[in-house]
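These are the structures in question, set out in turn.
The following pair of complexes shares a single chain, subunit A, combined with subunit B in the former and subunit C in the latter.
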Partner chain A sequence: MPATRDLIPYAEYSSPDLSKKLTVDATLTHSTNGKTTGPSDHVLGAGAVDNDKPSEAKSSRLGALRGMLTTLQDDVNEFLTQRMKDADAAHTRAEEEADLERRVLDDGVDEDDED
Partner chain B sequence: MSDFNHTLAFSVPFETARQAQIAQRALDPDPILKPSELSVEYSTEDTFLKIDFKGRSDRVIRVAANNVLENLKTVVECMDEFEGQKDVCI
Partner chain C sequence: MVQLDLHAKPGKDYYLSIGLEGSANKLGVGIIRHPLGNLTPTNKAEVLANIRDTYITPPGEGFLPRDTARHHRNWVVRLIKRALHESGIRGTQVDVICFTQGPGMGAPLQSVVVAARTLSQMWEIPLVGVNHCVGHIEMGREITDSQNPVVLYVSGGNTQVIAYSRQRYRIFGETLDIAIGNCLDRFARTLKISNNPSPGYNIEQLAKKGKNFVDLPYTVKGMDLSMSGILEYIDNLANDLFKGKKNKILMASSGQITVEDLCFSLQESLFAMLVEITERAMAHVNSNQVLIVGGVGSNVRLQEMMAIMVKDRNGSIYATDERFCIDNGIMIAHAGLLAYRMGQVTELKGSVCSQRFRTDEVFVEWRD
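Up next, the complex of A and B:
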């Protein structure tokens, strides 16, 4: 690991069902151009110019820290986005199961239908 | 709050304790948009900046953490560019 990459940030996540530590591999080079920040590829592909694009990291300890913070930010964003998707999918599944159970128990008969 | 059962804690090392304190003071004034759903606390331990998010859901933590990290990167960049330089009147 280069001497300038000794400032290594990390994050610790916890929720009722999961604990996880998110770390950055300091042996790699980290860009300041994040995957989950800035305009989407679709917007850029349509010809947009990113005027807020971050400057390249300097070859200093703080420059390396900024690159590693960008990677950590990407990792946190992707991790939490996946957690949100999983929670939404579980919610939808639970609703479908409850609906199926209700239909089976009711045997397809509508209670309001009394003729 | 007791129902803030999702947490995300960042630990960010700086070169000096002073840098960590400057980062804390730069980020701390930013108001929290939904205090009923989220809390954010900044502190320093020696050369480390600690940022603790506590929230009701992954969603509110993701939005807040992304915003704070974006600001933190600007703070680090400013230190990298300007620290140690004398003021110059142009």
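Up next, the complex of A and C:
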């Protein structure tokens, strides 16, 4: 499919501490069934049968774009999920450090543990 | 008299509109045709296509935003194609693309508006954002030819008694907590009955077999009503029934109360409350017409009970069948086209959806 490769999506992320460009390898084959775009685990656990799958990508320009977009969406989802996890972990660490400082400054007397 | 044709295209004696609805678990696409001139019983709107696909969850489960949005995203293009095919028109022939702007669930609304924006840019056709409740009211009026009714809007997410006054649909009474459809759906989950075609429909079928009435709380608060307490009460009764716990409320003279009796009692109690506030609204605004819209409006027992009250007042009752009662795209196409004919359009940057969008926020420019 030579003429189908002219529509290639990408995504850009920028925040004060990080800029990132996410791209798709157009030489690979991409499916419309993404890793992160399926039904939620909750409904699958409740016995749901998935009748709402996206249609297969056609071998057209737009079909190829749909497949690549699904892959890109997966990458964006995984990237952002990881960012949120990192932010959560950093927040927890900062709280633990603040807690340590408070205990040192209070001469190791933890008021909560007095009795 | 309102002028509806100031924005008509020269040389064309009709308008075409496509509507996309996805504020809850139904995805709807509708295509409507309006002739020039005011809509009257002899100059009516014509439904060219009205297609719906419902996201159905396993018994005992409600529909979650993420999975509902996924259903809409994955079906919307296929439904639009089917609607265009059925109506026999090309997409570029429509005058306006209408979408539900709110109220509703955020993620499903968002996934449908993306489709509307895409069509608008692809075909270079203006967008109109539509209030979901106003869509129900306008479609109900068009189908039933009711002039100026008191509107009872009852669905899974909304319960309102509405009357028109000075270019607004004004809310006379509403639920203080959960919607009536939500109350019925959640009781269906407690009973673990099927969500196909809809939990409310299955409760209605069970209720037909109920014989004994169980007293439930009756919670009309002025013009408003409250339903969460009733749900809690009947949920407890159902759980006692399933566990075989002794409960004297569950004993009737003819024997044990059944699930069917509970469904029957719940419907009778809730609908009696609706009839009461609707009747009071009719007296307030001096109207003798009632129009029932929204998914719960397709419940035949509700229509019957309302008809008894309306007959007492020498009035008339208007209701539609499931094609127009239950969420659909055609009502969005219709209400959006009315706004478009008055020159209202929604710019791309103003097409953000909102979960909260009250009926009385809409300027009803197309009515006197």
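By definition in this document, the second predicted complex is superposed on the first by the 99 of 115 C-alpha atoms of A that agree within 3 Å, B and C clash if a C-alpha of one lies under 4 Å from a C-alpha of the other, contacts with A are read in each partner's own complex, and residues count from 1 in each chain.
The definition used in the following text is that a residue touches a chain if its C-beta (ideal position, glycine included) is under 8 Å from a C-beta of that chain, and two chains touch if they have at least 3 such contacts.
Given the structure is predicted, the values throughout are model-derived calculations rather than measurements.
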Partner chain in contact with A:L100 - subunit B first, subunit C second, else both or neither: neither
Partner chain in contact with A:T37 - subunit B first, subunit C second, else both or neither: both
Partner chain(s) touched by A:A48 [first = subunit B, second = subunit C, both, neither]: second
Contacts of A:A89 with subunit B and subunit C, given as first, second, both or neither: neither
Touching partner for A:L28 - first (subunit B), second (subunit C), both, neither: neither
Per-residue contact with subunit A, leading partner among subunit C and subunit B: B
Doubly contacted subunit A residues - partners subunit C and subunit B: 37, 54-55
Residues of subunit C defined as touching subunit A within the complex: 55, 57-58, 60-61, 64, 66-67, 70-71, 73-75, 78
Subunit A partner contacts - residues on subunit B that touch it in the complex: 5-15, 58-59, 61-62, 65-66, 69-70, 72-73, 76-77, 79-80
Contact footprint of subunit C on subunit A as seen in their complex: 37-40, 42-43, 46-48, 52-55
Subunit A - residues contacting subunit B, complex: 7-16, 32, 36-37, 54-55, 58, 60-63, 65-66, 69-70, 72-73, 76-77, 80-81, 83-84, 87
